Each structure stands twice: as structure tokens, then as C-alpha cells.
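Just below sit the structures, each encoded as C-alpha cells.
What follows is a pair of complexes built around chain A, which joins chain B in one and chain C in the other.
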Partner chain A sequence: MTTVDVDPARTDPLADRIRSLVLPDRVHGSIYTDPDVYARELERIWYATWVYVGHASEVPEPNDYVRKTIGPQQVVMTRDKTGAIHVLHNRCSHRGNLVCDADRGNAGSFRCPYHGWTFANTGDLLGFPFNQGYGGSRARAELPGLGVVPRVESYRGFVFASLAVDGPTLREHLGAAAERLDRLCRLSPEGEVELTAGWVKHEVTANWKMLVENETDGYHPQFVHSSIFSISGSGIGALYSDKSTAVTRALGGGHTENDLSPEFRRLGVPMGWAGTPEAKIPDYVAAMRATYGSETADEIMINGSPHVMIFPNLFVAEIQLFQIQPLAVDRTVQHVTAIQFAGAPDLNRRLVTQCVGSVGPAGMLLADDAEMYERNQRGVAQRQPEWLDLTRGLHRERVDDDGHTIGTATDETSMRAMWRHYRELMT
Partner chain B sequence: MTTAVTVDLREAEQFLYREARLADAFALEEWEALWTDDAVYHVPVDPDADPRTHMSIVFDNRGRIATRIKQLQTGRRHSQRPPSRLCRSVTNVEVLGADGGDTVVGSVVQVLESRDRGTTWWVGRVTHHLRRVDGELRMAAKTVVLVDADRALPTMSFLL
Partner chain C sequence: MDELGVVANEFATVSVSVDDRGNGTRLRLEDLRTGTVRHLDALELESIVWAPESWMRALLDPSAHRWRDAERGPARESLDEP
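Up next is the complex of A and B:
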């Protein structure tokens, strides 16, 4: 008889369970509903990996601040007087009160309303009233400041934070997804995106992973959005059909995209991807040609904007940017804004108008996506058949010249890649 | 430009009640017919922000109002399949003044929406710009400022 030595400290029943629930070609319904799985996601993903927090353009001036989130965590993104960006936990180090209640503003310090402790926008403790109770102002050196998120880095103005002290750099985390942000920024004649249009917040009764999967699911648009495609003459539906030359691509690190640029190139019209004729945005087109030269500018304007899901919470969908925020195992908020390009006021106005029509609680596209997440969440709570199928396009996956796995426009290559990464993080 | 008020309180109330009843009942064509050709339907996130440069929950010109109605009429607007069950009350109606030829009317709306998802209570202050066109009262603008407009809101794909 053989015996197996089990080191009790090394057993991890939840990891074993997750390994059995997330398979290469299917996932179990409970992965969306189990509170223990959700608790581990917070620890292993949301409070460990790089998470998108905000954009530098939201705090353009010294001492600007804006409240943001990392999953359920409330944080404040600040720019200090030297220009450096910090991400601070919104929690007084004295009694735990929220120190910042305005959504945004300009302030060099934050004063807790409860007992008047004051903190610099770097998180340092500045003062505490009646300081003799602590033996005088010199106690400042011993008393704690605000919780400071240990790692904050930005790429092209996109600010990410990690609650883990150690780990891969942001650049390593982004991998090939970084080039998609480059592609986005190139659409600005000044090479920069600005998030200045404000946010719509849309709450859904669904697990956050339903949203992540849907963002680069090219199979659903023809069905979920047929109502709007059929009456608006939108060409979006055709991009996600069996005839489409677009591809679904796994970028590594759980990041995925629907690369629609082959279709945009086939169309071959500058700004055709945005459905905006050149004549309507002459200033933008002129500025682009002045910056990049006619040939390159046209190439950029033909190729269009990316449709990329940067795991776990940043989704750039051509003209809009979504930030996914889980609040509970079955509650998620999708924050959305219209992307604005520096130096492109005529284009930007059109993008706001287009985006507002599409997204948010009343959006002609997103309201129906949200309905699918919520129906799915109710569905996976049912007992049979237990599993969700992920096999679409498995037999026709290929590897492209850059070594990325790709499928056709409607294949589930992106979901399989997301789950593979998820499994690694969670077990 | 401000000119004289041309709609009295009683007539304004009757119009608002009728509009509410048509929206609750998804009487889409009749509801759409209440708008003028240059109408604007606005549900802001921030009522002080310029809707041309800032996000709104709804910011429809007349063409987009028509698109919204047509989308509901396809029967494939999934977030309204089945339609929300709605009952709204319109209260606190006041004639606030005139704007050009339009009479500006303020009110409060409270909508109870029942869906599979659960029940949602939508409450906001409403401003109507009412105008007489060929003898009939029409809305040239309707703005609904929800109490919780800048918070996370569930799907709201009925006609508010």
C-alpha cells in the first residue's frame, strides 16, 4: 500500500476546485456565482495585478484629484505639486473615515471631517488637531499617513496601479496590448488621448467576467444588436459575420482584441471606421495630415481605432472607453466615457454624440448587452447543464506572424485566452 | 428672448399627464407625435455640463428620438423584451416662464419600473418646453434631471 504525504499547509482546496471549473473548452457556471471564488479574485486579480485606474488628463494640473476605484476599493488619484501621480486609499489613518468626498477637485491636502486629521495629496500625514494628545507635532513621524497604493505607472497617459509591492512592470503586463494603446493615440494629431467628457455609470446585476468576455465576443453583435443595426444602416454587424476578414486575437496576459482593421482597410476610406466622412471633420483631417504627412495620416485614419480588452478592467471600443468595476459577485458597474483626441475638437464633438447614443443605461447598444449579462447571470444559477461552452472556432485557430493565437471575427479565441490567464492567476 | 406665456397651468398639466400615460403604455407613435421637428430629449448626468462635449444618459435630437422609437418597434430591443411595467406620477407642475414662443413647465416625475431584474424607482425633476404647433400642444424640449443621475444606474431603456 502506498501512502501520499500531504502537507496540510500546501493544500488549497479552492485552487483545486477552480482548476476543475475552468477548462480549455468550457467553464462551470459556478465560476460566476461562487462568493469564495469572487473573494479570491479580489485577492489574486484586483488587489494583485495591474488594474486600470484613470487617465492623466483627468488630473491635468498640479494638485488636481479625482476619485476612482480598484474593484470595490475607493481610491483617490492625485497629482502632487511636482506633477507626480499618486493613488491613495480613501481612508483616514485615524478612525477609517472617508477623507475625500468630492468626485474631483484641486487641493494640496485632504482634511478628514471626523477629527480633522490632514493629509498631503501624496498621502503623508500633515497634521492632527490638539496634538498634545499625541505628545506634540513631532508624533507626525510615528503616526501613519493615508494608505498609498504601492505601484503606480502609466503608459501613454493611462494610469494603472497594483496593490502588490512586487510583480511584473506595467510594460511587461501590457505586452502586445501596449501597441493597441499606441494605435489609439496615433488617431490624435497630438498623439494623445484626453478623457474630459465625464462618465456615465451603468450598473448590472451580473458577475464582472460576463462583461469581460462580452467585450471581445464577436459572435453576439448580429443577434444582441440586430434591432439597432437593422434600422440605422450601421455597418457594424457585417464586421462580425462569417464573411468578415476581421480576426479575434489573444494578445497574451488575458488581453484580447477584435481586430477589425482588415475590414477597415478593405473599406479603404479615411475615418470610414467611424462612419464619419472626411468632409464633416476637415480640421481634424488637415491636422492629422500636417502631423503625420498625408500618406501616413491616411493609413492611420483608415486603420481606425482598436477594440481591445485589457485584462481585467480596461476596454477600449473604438470611440469609447469602459472601466469595469466589480462590486460583488453579482454586481458590476461599467463606467464609460467618449474618447477625446487632443487637437481634434470637431471630431471630438461627433464622438460624444455617437457614444452617448450607444452606451450607458439607455444606450441603443449597451442597454441590450447589459440585458444579456443579467439574463446570463440568472441563467448560470440554474442547475443544468452546469457548463458554458467555449469551443467555437477551436478547430480553426491559427498562430499569426507575431505568435498570437487568432480566430475568425466570431470565434471564442478571446474567451479561451482570458480563461487560461485567469486560471493561472487563481490557482 | 422671453415672450409671454401662452399655455396655462391646467393645459400644461393635461399635456404632461397624457404624455406620461402614453409613455407608460408604450404608445410609441402617439408619444413620438408629441414632439416638434426640432425637439431635444435630454437626460443629463450633470445638468450644468454642455451636452455637446459631455456624456449624458440620453441626448436625442429629433432624428434620434425617431431611431429610439423604431428600435423599440423592431421587437428585438432585448432590454425591453418583455417591456418594463411602468406607472408614473407627475406632480409639482409649475409654469416657470416663457422662452421665445415656448412655455417652460417644471414638474417632478416618479416612475415605478418593474422587470425580472427587480423594481426600480426613478425620480427626477423635469422641464418641458411646450409649443403650440397648428393649434396642438407639442414638446420642443424635455429634460429629466434624475436625483441619482451621476451615480451608477441600472438599465433604463423605457421612455422616461
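Up next is the complex of A and C:
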């Protein structure tokens, strides 16, 4: 061990602690339960990096708006008259009331219900009642408008925001994960997804990182989801077996995926990944072949949709999209919707039905996972053993042609990669 | 009179109809939260269509009309000129 002289003014005991709690092959249970760690996660991750906010298709018309979140922060995503998208803090600049209450609507301006201060959907203060109390209308120029989230960028309609004024571009942040969003969009004959099916919110008493880890944990499906797989006759379980050719991949930047496409290619059936025979969605298949040509269309439809976790909060699980929102160290909401593909009404109807069965209010897939999150949170609060093991597949990790670390379908390659990135951000 | 519908969001609720009781048609707008009504004729509507954005922004200032005078409280109908 070497000792380093540190300037006492610059010591950071919390960083030291986090460094000792997050190791390459294990993490300490308190990383999920410690309120100080959570407070730093908000500052270093949720309020500093790019966070997924919403999709452009949720505000299709000028002056549309939707309420969204960046971690525990309430924001409003608006499209102004000129078509530009803004993300505003949902907090009145007078005395801090929540300005927007409806989940969505169309409004060029917002009027706070408390004292009537009125704001444009770009955040500008337009006026307030009884302005003599401020010395007349000129005061408007001096008083603040709504807080504007400083950086908003989108990729293929996916809108991300960062509360930090400076930092990497969204494209740099996404890295190789961007191509997974391309892969998703290619499944539309018009090259676009639309998040128009509505949202279900599932709240769990668990730390947000348990959800992030679970999204690309290929080890659990055969256990946790065996009942839904057996009653639905689903072949998904087999994709996560030792014989599977699927891989778990670290995409860099804490982004991870279960790449099931090798299995889908082995199956070789267009839309086999969705469990939907061509004959049931003839319009979709025809539209895809018209757009891409038969050969490419079949390749796209065979390869299927991605299963990718874009750190820290966007999870695309083939046919559904999750947005993860921490509310407290042990409370997390998953907002989930069925992915809809532009120009694919027959496929979209089936996707909604499938999502109702898997992640709807009485859906069987997410209910299984939610139970595990909550039990896991209670489990890690126990005193012994203190550590969570992350060694699965460590001995058989490889590097693929693109330089990404990969493991088998059930290996914990994705978790190790997530924690590596987390440690960098937090210390 | 043909009611065209209600235009509403979480901030306001206004019923819109075409009033043809006069010699020509007018738009009738009713603020359903107070019952206050304003008619707009074709030329007024056309002028709104062409009005600069700053005019509309000024109109959205509560102190420009209904909440102009704290002594009198909120107006019951559209105010005289200041």
C-alpha cells in the first residue's frame, strides 16, 4: 500500500467510502440504503449527466406539453409555437407552487394557480395580477421566469436533458447505445417510434440501482419469470440459458444490453422475436418490405428489437419502454409504455395487448420483478453478509470485435460495467 | 347558434360558438369559469390571426385586464380603458 499526502481541505470522506463500497467483483449492501450516498447520486448522476426525459412524439403539436421527471425533479416538457422543445422546472418563480398539474395538455402559456403569475411555455414571465404592487408592468423584466433546464438534446426523437450547463454532448454520452436506438427505429417502416400508448406507473420500495441492474440481468428470468413463461408457452426463458448464443454486453458509459439477436437469427423467422407470425401482421410486413426492400426488411425483422439499459434511466425492453425515476433512497417509480412504431397500426395493436399482459396494472412480468426489488431492498438492510456478489462469468468475459466486453446471456458483465461507471461518477 | 365546442386546458375553459342571431355571423366566446362573454366579428378575428406575437403576450399579462386593480378586485367583465 502506498500512502499519499492529501490536502486536508480537499479530502472527501464520502468519496473514499464509496470507493471502498464499490469493487470490481462485489458491492456493499449500504450502497443501496445510505441516504448520503443517495444525496450524492442526485448531484453527481441525476442532476449532472444526461437523463432521458421524454419522446418528441409525446408533444406532436405546437404548444403541447407533458409533465415529466428528472429523478425526483418535476419538469414540464413543452413544444413551443416554433416547434422547439424545452424542459422547464415545474415551479413558480413567485413562491414556488407547482405550475402545471395535468399530466399533459396544450397551452402556449401557464398560469400558476396560487397568485396568477403567467409564463410562456418557453419559461418567460408574461405577467402577474395587480402589478402596481411591483411598481407596474416594468417589474416584469426584473422578475425571474420559470427555471429552464440548460441543456436539452434529442436523438431520434428521444429527448434527454442535463441540469449541468457543461459536459459531454448527448451523442458522446450515448456512445454505442445510440446504435441500439437506431435498431429500434429501423423496426418502423417510417423509421420512427411513437410513445403514444399511454403510461403505467409502478412504484416500488426499492433503490433505483436495483432496477437498473435487473434490466439486463439475464440470470433471473428463468427463476423469477418461470410461471409467466410456462403458462404463456413463451420461449424467452430459453434465451437466457447456458446454451443460448445471446450475449450480455457492456456498451461503455454504464450502458448495457442483453443482445438476443444471435438467438433471433438462429431462429431465422421474421418477427419471431415478437412471437408474432407474419400472417397476423401482413400490412406491417408489406410496409417494411416496401421501405427497405425484401432482403433488408427480413433481416431487420429477424434481428428484432434491442434490450438495452441506457444509464441511468432509459430501458428499452424489445416492445416496451421504461423510464426509471428515483424518489428517495428506497422508493422508485418505473414509468412504462408500449412502444409503437410509426406506420405499423396492426403491429402496434398487438404490442399494446402484449404489454398489458406483461407490464400493465395486472401484468405478470413486472409484478415478478417488483416483488424481487422490494424483497432485495429489505434483504440488503440485514447485517450479514455485508456484500453482494458480482463474480458470475468473470472468468469467461471476452472482448468483441467492437471492443466491448461481453459475457454469456446469464453473466453479470452488465452489472460490473454499470458499477465501474457509477464509481467514476461518484468519486 | 351553433356551439362548436369547449376549448379547455388546466388553466382556462372557454366555450366557442358561432352566433348568427344578428345580420351576420359572429364568434361567441364564453369563459365558463365566470360566465363572461365576448363576441368577435370577422375583422376582429382576422386581426387576431395577423397580430404580432408581442400583442398576444401582452394580452396574457393578468394585470392587462381582469386583475388590473387590486382595490376593485378581479373584474366581472372586460374593463374600460385604463
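Here is the rule we go by: the second predicted complex is superposed on the first by the 419 of 427 C-alpha atoms of A that agree within 3 Å, B and C clash if a C-alpha of one lies under 4 Å from a C-alpha of the other, contacts with A are read in each partner's own complex, and residues count from 1 in each chain.
Just so it is clear, contacts are C-beta pairs under 8 Å (C-beta built on N, C-alpha and C of every residue); 3 or more make two chains touch, one makes a residue touch a chain.
None of these values were measured; they are calculated from a predicted model.
Peer 1: Counting only touches as set out at the top, which of chain B and chain C does A:Lys201 meet: first, second, both, neither?
Peer 2: In the superposed model, A:Lys201 contacts chain B only, not chain C.
Peer 1: Just chain B (first), just chain C (second), both, or neither: which does A:Leu174 touch?
Peer 2: In the superposition, A:Leu174 contacts neither chain B nor chain C.
Peer 1: Going by the touch definition up top, name the partner, chain B or chain C, that contacts more of chain A.
Peer 2: So, of the two partners, B touches more residues of chain A.
Peer 1: Please indicate which partner A:Val212 is in contact with in the superposed arrangement: first for chain B, second for chain C, both, or neither.
Peer 2: Once the two structures are laid over each other on A, A:Val212 reaches no partner at all.
Peer 1: Quick check on the superposed pair: does A:Cys185 touch chain B, chain C, both, or neither? Answer first, second, both or neither.
Peer 2: Neither: A:Cys185 stays clear of chain B and chain C.
Peer 1: Which of the two partners, first being chain B and second being chain C, lies in contact with A:Ala362: first, second, both, or neither?
Peer 2: Touch status of A:Ala362: first partner only.
Peer 1: Report for A:Asp101: first if it touches chain B alone, second if chain C alone, otherwise both or neither.
Peer 2: second
Peer 1: Which of the residues in chain A come into contact with chain C in the complex?
Peer 2: So the residues of chain A touching chain C come out as 81, 100-102, 105-111, 116, 118, 120, 124, 126-133, 137, 140.
Peer 1: Quick one: in the complex, what on chain A touches chain B?
Peer 2: 103, 196-205, 224, 226-228, 230-232, 333, 336-338, 348-349, 352-353, 355-357, 360-362, 364, 367-368, 370-372, 374, 378
Peer 1: Within the complex, which stretch of chain B touches chain A?
Peer 2: 43, 45-46, 49, 51-60, 64, 67-68, 70-71, 74-79, 81, 116-118, 150-157, 160
Peer 1: Inside the complex, what are the residues of chain C that reach chain A?
Peer 2: It comes out as residues 9-12, 53, 56-57, 60-64, 66-70, 74.
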